[in-house]
């Protein structure tokens, strides 16, 4: 028994070495650290499922998935584990900016690639950029800046801004104000995790804004929208897609109808491959894919495209292969700016009802070939 | 800020205070009668909301959903009282904190296992979905008004229950002398189960009522739990009256603090730092309130030494 | 005339409608045992707490060694030299008997802010504690966990801890309770000798002991002292006979 | 020898032995994991002085853990960006030197503990649990909404801080550093429990009236215990931040305070090595259970519940039997 397993282990070790020796386009070990438990698990599960869908059947990819519990210290610990014990080549999966800030600098400092399927904090796009860090989703400000641009084009003059009082919230509102040319008549920063917005809604009602622009992720957005619907306030509602994504719309229901939100992807986006992705995702998991699922899917596609061009052990070549972004994104055209953040179109979507399902529909382009403003600070 | 807006904000503060009271009343009863700190009270709130969302999904009836929330939370309360909680009455607070902390983990992940990781849908009934016009021209969501009314009715009912009924007499006896009620021939373990289930049902009802205007998701109970603790500590642990006063104080402080503090700081600093500092202070305000109350009254407003 | 060591002057204390202490004045002279007796509910424990600390009187003063200690905490009164034992044993139950005694010695030495050297290796403190245990006859139980002592032994330990403080006066709340006949006798002999070191304000239900020991006896009824005098005077006092001893006579 | 003594020795040696094995097998991550357990143990050893010996159930010790973490984060952040920390009539520069950071962490968390303790110790029982929780929450919300040092995003330090003569980025060397500190603190806590202060503090837990009647003040005893306890937990916070090269407000969260209590209860309340056993067990459970299922926290909850209900005295209590009085 013992000898048998020893032999088996030896064989596997040999096979492993053989695969490595295969050189060009050899096996790549991916470490995915994402949020799979606790209140924010929905996003992580979507990223994971999207990624695994694209990687399905690809035996050159060896993927380890671990749950960070949305805690930075756990994420750091997992990154260390994956690099030091699992010897992964590429890391990915982190959902939250604060976790990314905790993990990414040390990952790239240890010479590993990191592909971000969701978070894009400004520090990593500017001064803290790294040749080994690629953002496949967006820089955090992208949807907001596009929102401001769209508001300018569509005659929105007075907005009321609202976000939680934490960096992602404040950055988002700053991003909107960067492009928005109208008047900001009110600005409120709420407590992170707040669930009752009666006070804020009263303030919005009392203001002379024609539009409320808000960013409230997860349960906060659900709470706000339900309460907004009950308040009878007649103002336009806009925001980034994060509060109106598929996983969340089901919980808000009809209260979200008519809300405009900016995103780089939508399931009705008419680009090659997208319809197939949506169908494959539904077949595999029995639910509609979300923005996060699309990002996870694209991240895997990017990785697979680079694996066809270079060996991951050859860092410079693999970096160049990633930079080419030679894959068919479900978002349509996609390329990297010099700071390894996306250049992509951002669309305006509207929440509609298709049969019984509340979902998003594209109503126009908010920004073309959008890229972030932090790239100027990036020296690499 | 206009007076109308101020009145509306006071109403909002009252409404959130009343919801907190439903949570805090159960918590404080359970502490008063059994001497137990129950951190898992937030899980019962969550169970109520999930039961309501599930039943509303099947039947489409909000009334049935509320009934289901009451029943599910009371049932869950009975079960955990009989299986776990009753072993903790003689233990020190440390063991109680730990065991009920463990219950939170079990309930949260168990709910996620049953219902998935995505928030559930639960909306207010169509008849109550719009606003009503109050005297003075205030537009106020009718559902929130309903919450205020239901909450006040329950508070009244609870005071009556404790002041007038047989079980109320036993509860009061239990609060003043735990050994005494056993000597009087009351079935203590039955009384404890009933009190616990009653507290659980109130939490479940609060969860369902609030779930309709907030997000029904795993982990929704813990922030409310901490607030409810702040409430009963301010009011004095074991006192229903204290819970009511504490809940209203916390609701008003939280709501008005968030609105008024940034305005206050705006008087003497530039808008953006006023917003930042005001919001930061507002999010700490109820804890500051609690610390102040305890400094001057170490056993809360209506607590016994 | 010698000054009283302890002088309680016109104390009043009410709990709601109940006047627990109603104008009590009494003194404790050097070298004496002054017993305080009275039926249950007479307010003895409340009075003791006002003297030794824990309850603040509504009115009146407590003087100890010529100093007004009314506003002082229990702790400060103990530091001033008031040794006290409790009616219901108040000891560190998980600690050993010797550790409880050492705690007393530590309190007297005031050297509690030491964070390194094991206290049980402090020869001076342990010697004081051992000596006190020997005087009450608990030396054999030094290593026993206090929780394992009988009620009577806990009483003795209370007294031993008070001894380690080398107080200027003792306030003892029913030290005989639970001792049994032979134990009471030994304690009586012991207290008899102790009064030469420091006077004792003694609250006690064991009338044999009280009449054998007390130089003076005060009788407290409904918060008032109705009589003070020697054992014989008290026995003869008609008020006391009706209010207190009378009950026993009838029975 | 008493069974607890043997058990303590085994527990104490388990960490360096496991680290050495991991080193031999070239598994640096395991060393990092053991270091994490050692730091958690240190934090809980600090809390155990207040909770175990002093009977003060603090549900706000994450405040000190976070203060220690931010002491490191802020000092290193300024050193990293070459910007002075205070630049007015006096100029204070940041630093990357671990000993200086530790000193600052210990002093600031001790001061915070002095302030929080002086206010909280006026209450007792449940009120004490809740007021410490409230203070912890104040720090948490403050850290989240204060933008100067990253708010919720926290602060990243790219390179671990330096200790003279060591390469702190090397997992083994950093582990040894942490282990030496843990050993020193454990040694001191062992002495402290038997010192005059420890006897008086423990007596004040068992019977405050007794302590008063011998002329000692329970309030001051508890306050000093709370300050020492907070300072030790603060030191652990600085080490934890250095382990992760990162600080964030989650270090202030009430779940963190809850976890410290969990370590102590898992291991055994009031036992010198209880927090060590508990932290090791918890980190081990996390490591073994989390790959099993998405819902692994259910198992953690169940185990915790069983320990509280049926294994009173925690791991050490179950294995070593009832505590024997010292000496």
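Which chain is which? They are A, B, C and D, in the order written, and residues in each are numbered from 1.
Note that in this section a contact is a pair of C-beta atoms (placed from the backbone, for glycine too) under 8 Å apart; a residue touches a chain by one contact, two chains touch by 3 or more.
Here the structure is a predicted model, which is why all the values come from computation and not from measurement.
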Of all other chains, the one whose Cα centre sits farthest from subunit B: C
Chain closest to the assembly centre - both centres taken as Cα means: D
Computed distance of Cα centres, subunit D from subunit B, in Å: 32
Centroid spacing, where centroids are CA-atom means, of subunit C and subunit D in whole angstrom: 44
Interchain centroid distance [CA atoms averaged], subunit A/subunit C, Å: 75
Rounded Å distance between subunit A and subunit D, as computed from the means of their C-alpha atoms: 35
Residues within subunit B bordering two or more other chains: 108-109, 112, 276, 279-280, 283
Shared interface positions of subunit D, touching two or more other chains: 141, 144-145, 147, 295-297
Subunit C, residues touching no fewer than two other chains: none
Contacting chain pairs - touch in the sense defined above: A-B, A-D, B-D, C-D
Of all residues in subunit D, those that touch subunit A in their complex: 27-30, 32-33, 36, 141, 144-145, 147, 150-154, 156, 158-159, 171, 240, 244-246, 248, 250-251, 290-291, 294-297
Residues of subunit D that touch subunit C when the two form their complex: 188, 191-192, 194-200, 202-203, 206-207, 209-217, 221, 224, 323, 325-327
Residues of subunit B defined as touching subunit D within the complex: 31, 37, 84, 87-88, 91, 93-95, 97-99, 101-106, 108-110, 112-113, 226, 229-230, 233, 237, 276, 279-280, 283-284, 287-288, 290-291, 294-295, 298-300, 303
Subunit A contact footprint on subunit B (complex, rising order): 1-2, 4-5, 8-9, 12-13, 15-16, 108-109, 112, 117-124, 128-131, 139, 141-144, 210, 212-220, 223, 255-256, 258-259, 262, 271-272, 275-276, 279-280, 282-283
Partner subunit B, residues of subunit A touching it in the complex: 37-39, 41-42, 45, 165, 170, 187-193, 195-196, 198-200, 202-203, 205-206, 218-220, 222-223, 226-227, 229-233, 247-248, 250-255
